[in-house]
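Same chain, two partners: chain A is paired with chain B first, then with chain C.
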Partner chain A sequence: MNSEFKVLARPYKVWLSVLVFFPIIAMIFISISNLNSSVPFSDIAISFRHFELLLESSTLIAFRNSLLYASLTTLISFVLGYFVAYEIKKSKFKNKFILLTIVILPMWSNLILRTESLSNIMSENNILKSLIGFNIFGNISGTGIAVLFGLVFTYMPFMILSVYTALEKIDFSLEEAALDLGLTPLHKFWKVIFPLSLKGVVTGSIMVFLPTLAGFAIPKILSKGRIVFIGNIIENKFIYTNYNHGALLAIVILIFILGSIFLLTKFDKEGETLL
Partner chain B sequence: MEKNIASLKDYGYHDFSKFNKISNIIKKLLVVLIILGLYLSIIVIAIQSINDSQVLSEFTGFSLKWYGNILNEEELMQAIKNTFLVSSIATVLATILGTFFAIGLYALSRKSRVIWMLLNNVPILNADIVTGFSLMLMFRLLMVVFPNIFGLFTLVMAHLFFTIPYVILSVMPKLKETDPNLMDAAMDLGVKPYKALIKVVIPAIKAGIFSGMLLALTMSIDDFAISYFNTGAGYDNLSIWIYAVIGRRNLTPSVYAFSTLLTIFTLIGLLIYQFLQKQKKGKKV
Partner chain C sequence: MENKKALIELKNLTKSYDDEIVVNNVNLTIYENEFLTLLGPSGCGKTTILRMIAGFIKPEEGEIIIDGKIFNELPPYARPIHTVFQKYALFPHLNVIDNVAFGLNNRSWEYLENFYGNQRIAAEQSALGETKNISVKKALKSLIYKDSVQALKLVKLEGYTNRKIDQLSGGQQQRVALARALVNKPKILLLDEPLAALDLKLRQNMQYELKEMQRNLGITFLFVTHDQEEAMTMSDRIVVMKEGVIQQLGSPKSIYNEPINRYVANFIGETNIIKGTYVKKDLVNFLGVDFACMGYSFNDQEEVDVVIRPEDFDVVDVDKAKLVGQVIFSLFKGVHNEYEVLVGNEKLTVHTYENYEVGQPIGLTIDPYEIHMMKVEKSE
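Showing the complex of A and B:
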């Protein structure tokens, strides 16, 4: 490409630098200073007293909830999602595009409304019960299982897509070779296919883990506010305009994200399974 | 004598055909169940939308009245208008800017391109809540100079921030596929570089631009968390409005009707796309 076009990248470099770094710097500064709307400009000082928040039991419980539910969601999505991706790969149905579209289509519908409708049918009297006569969920409204169900079936398509992308790239002749060399189908899967698809599993896991860890709408709606994630605390700090605390917690989430991206770059140097 | 002849089993062959048949049926059933799980909420939304009663917990009969009622719901209509206004501005701008930015990034040396593409991934990989919260803080600081920026402006800026990277990510591979001689040929024929860009390069990457645009629209129209933190002055998009309503009162069934309509349109769009793809392929053969 003509090097003259380099100038076209210049505005984007400025835009990215400003919008990636400046908000993060602002966030760090606000979390370690007493800056808020009631402090006059001349009294701004560095203070670490907001860090006490990190040791409060409600914060610790929220972190535990976020991590626990994010891990469980990732694990379940991995087992179910891998299975579906593998079945799509194996299926004799020629048009894989349609199969993948079926998997993604629900994601095009409004997330909040979908979660709300799930929450509705998890309560004791609901529209499905009045239609088919019995409760498919029992009465799990407001419980951890309700939250887990919502999270898994919201984010699993990410897992299916990235695992499928990785599976699709595996050369079929490798499978033939494995069978020719006398591996049973089960061995072939564990020794050849699974290791080669690991990249997709890592990408998929991160794409499920991160939004679950940092989410706040799904747990709030499905647990009726009983199970508090770290995102819910940030949301509350935002509502009550306690930006110092909100920024501090957002930074902690950011650290988790950076860790995951670091992990991702180790497994997937080209970033090819990302899209 | 018979005993000396080794059977297939002695060579390690097991006849799994019966077992395979059963496990295949179980597998198919499981896949169907999982897909059903993915669609459960959509199915419930569709049922709510054709329910005669305004009470969300009981089905009293079939009715399409909530579809006609969409236009009468003032708050809902306002939220829908806001959503489409923000998304269309953000999508159009992100598509145009993202395409030119991608061309610019592609013209960079390999080393600096890798670095900028890594930064380009930040808005995509970063959690919505962190992006939303940190952008909100930045806009708050800007409020000292521009007191009324929260609303349409901040929403569009925030949406541009996370949609441009998607456009760049889908245009970049197409740029890599284009023949580098294409540009040279055009310029040898006396076309000026920027004219060649518009006449030669853009048509060559239009598939990437189109898929980038669709991605940007999808991300923008469905966004909740980032918009939630960066809206202001009552400028609610659909997600924020629903989120605010469900805590306080029942949703009008018209919301479900609107969502179902949107799903149906998406489905029709996909089928048309599929049909066109097939025709294209047919022509090539």
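Showing the complex of A and C:
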């Protein structure tokens, strides 16, 4: 039985090494060498001159934007998403699956399409305005608020789902025990339910934070190119075949991600979160 | 029991789920310092009664009166009652001592000042530091910690203070749950089949310990179980329930020896129920033989159900016996032998220390005081 499973695991292992592991090695190499299309193979050497890029103000601003928006998105998703999850959990509605499906319904449409439409109804003249006569969003297209809105709108379902999963696992008798021991319902929430759902919050935060940090499509569309994330710079570098810079920034992002996962495993010693 | 003070009174308590009545017009008085057991098969409404007293569900009709006050509308956290749950319901994110201290740690300042009294707080303040001024808060924290350690000691779990809950065995978790309730010094402790998940040996030990604790602490224990042996061992009084209705209420002895109907007789241990006729005062006829009996009065010639416990038969020589039967099945039970004896057309279960082979004749007599009689139920 076990050996059959091993065979079945092989395709993905090959996939992982060919399409993930080797490219990362290659990227590391490209980021610390002078390799580019105009350098003949005989002249390839280790070179750290691309690292100057990291000190350029445009890069630093992009990093700042990525981190700032990722953090804000995570925070907002947590505050708003937690209580949606809590309400779903508490609802007497029989088929909670339907409620959860509604939560993830927006994800069923294409991300780019969804974001473009969002951008459209955030601009001054749009189809929605002609229909209902006024502008819901005002004219926020191209601003930071628009980007933040798009990011939260896109990634909050991940938070809701993982918090909901954690909440659903809490044994109801624990809530009764808390009431029995003299806690008011509000007190019970903070002392029992919230601590026990923290793992879901952490998992959800990672699922919101990481794609936001590395993403580029949503900020590009919703800020109309005015707010640059690190993902946008990487995209541009690769489009203009500056592979050294692109690879370098991608590696830096990777270090950020690995660093946050490392911090998390320190924080959550039993590895009870998904990671 | 008469001189004792009533602590909980249930009056006409009724509760139904989806038109199915689970607790039907229950009237019950529970006294101070008593160990009362609600006994019945699952679905008989015993847990529902417990949960109504704890405040998790509201009765549809009737009143729950505790210490003279009507408690129907009071939320669970405002009741001087604590529950030991069947599945323990310990908080997995806290260690043992924090679980035990959970209730007190989350009480308001006023509650704790009331709980400990100013004298104890002042004593603790001066005990903690003679020169430094110890805040009341610190003194309270220290008192709670001491009490929690004391409660753990009571349940024989000293030294487990910093363990995580998932590092404890089922029996230990059970004890933590008990300590968590006891540390709050409740007037009433509700126990919802707390021993059901433990293995036999552990369960028996816990039964004795629970009984002893109840006696020493002077707390009223309201225990729910479907295990009649457990109920017998611990209770001062037992309430036997069936389909939301109290069948019989009495001491373990009286319930065992004088069951009020077939249901109770069958539920409480093994028994023989034989159709008989109450011939006249102190004389009953069953299995074609007249037996002397005592303490019952029915109409002369009334049909009755005669109850004889398997261990109440006296096994004697055949020529001295009132009933002669044949052993048709034997089982060695350790302490005694269990025989099925065919007398006429009636199969009787008999417990005795004597040894008989299957097929052997066996003589039985019954002492007058071992013969119990019940009115024949019309429905059966």
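Heads up, the rule we're going with is that the second predicted complex is superposed on the first by the 243 of 275 C-alpha atoms of A that agree within 3 Å, B and C clash if a C-alpha of one lies under 4 Å from a C-alpha of the other, contacts with A are read in each partner's own complex, and residues count from 1 in each chain.
Here is the rule we go by: a residue touches a chain if its C-beta (ideal position, glycine included) is under 8 Å from a C-beta of that chain, and two chains touch if they have at least 3 such contacts.
Not measured: the values here are computed from a predicted model.
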Scan A:Phe5 for contacts with chain B and chain C and give back first, second, both or neither. first
In the overlaid three-chain picture, which partner chain does A:Leu196 touch, first (chain B) or second (chain C), both, or neither? second
Partner chain in contact with A:Gly182 - chain B first, chain C second, else both or neither: both
Chain B versus chain C as contact partner of A:Ser117, first or second or both or neither: first
Let me test your reading of the model: by the given contact rule, A:Asp171 touches which partner, first (chain B), second (chain C), both or neither? second
Max touched-residue count on chain A (chain B vs chain C) belongs to chain B
Touching A:Ile234, do we find chain B (first), chain C (second), both, or neither? first
Quick check on the output: what are the common chain A residues between the chain B footprint and the chain C footprint? 182
Contact set on chain A toward chain B in their complex: 1-13, 15-17, 19-20, 22-24, 26-27, 30, 80, 83-84, 87, 95, 97-98, 101-103, 105-118, 120-121, 123, 125-128, 130-131, 149, 153, 156-157, 182, 185, 210-211, 213-217, 221, 231, 234-235, 238, 243, 246-247, 250, 253-254, 257, 260-261, 271, 274-275
Looking at the complex, which residues from chain B come into contact with chain A? 12, 16, 27-28, 30-31, 34-35, 37-42, 44-45, 47-48, 51, 56-59, 97, 100-101, 103-108, 116-117, 119-130, 133-138, 140-141, 161, 164, 169-170, 175, 180, 183, 187, 193, 197, 201, 218, 222, 224-225, 229, 238-239, 242-243, 246, 251, 255-256, 259, 262-263, 266-267, 270, 274, 277
With touch defined as at the start, can you tell me which chain C residues reach chain A in the complex? 54-56, 75-78, 81-83, 85-87, 89-93, 102-103, 106-107, 111, 180-181, 184
Okay, in this complex, where on chain A does chain C touch? 171, 173-174, 176-184, 187, 191-192, 195-196
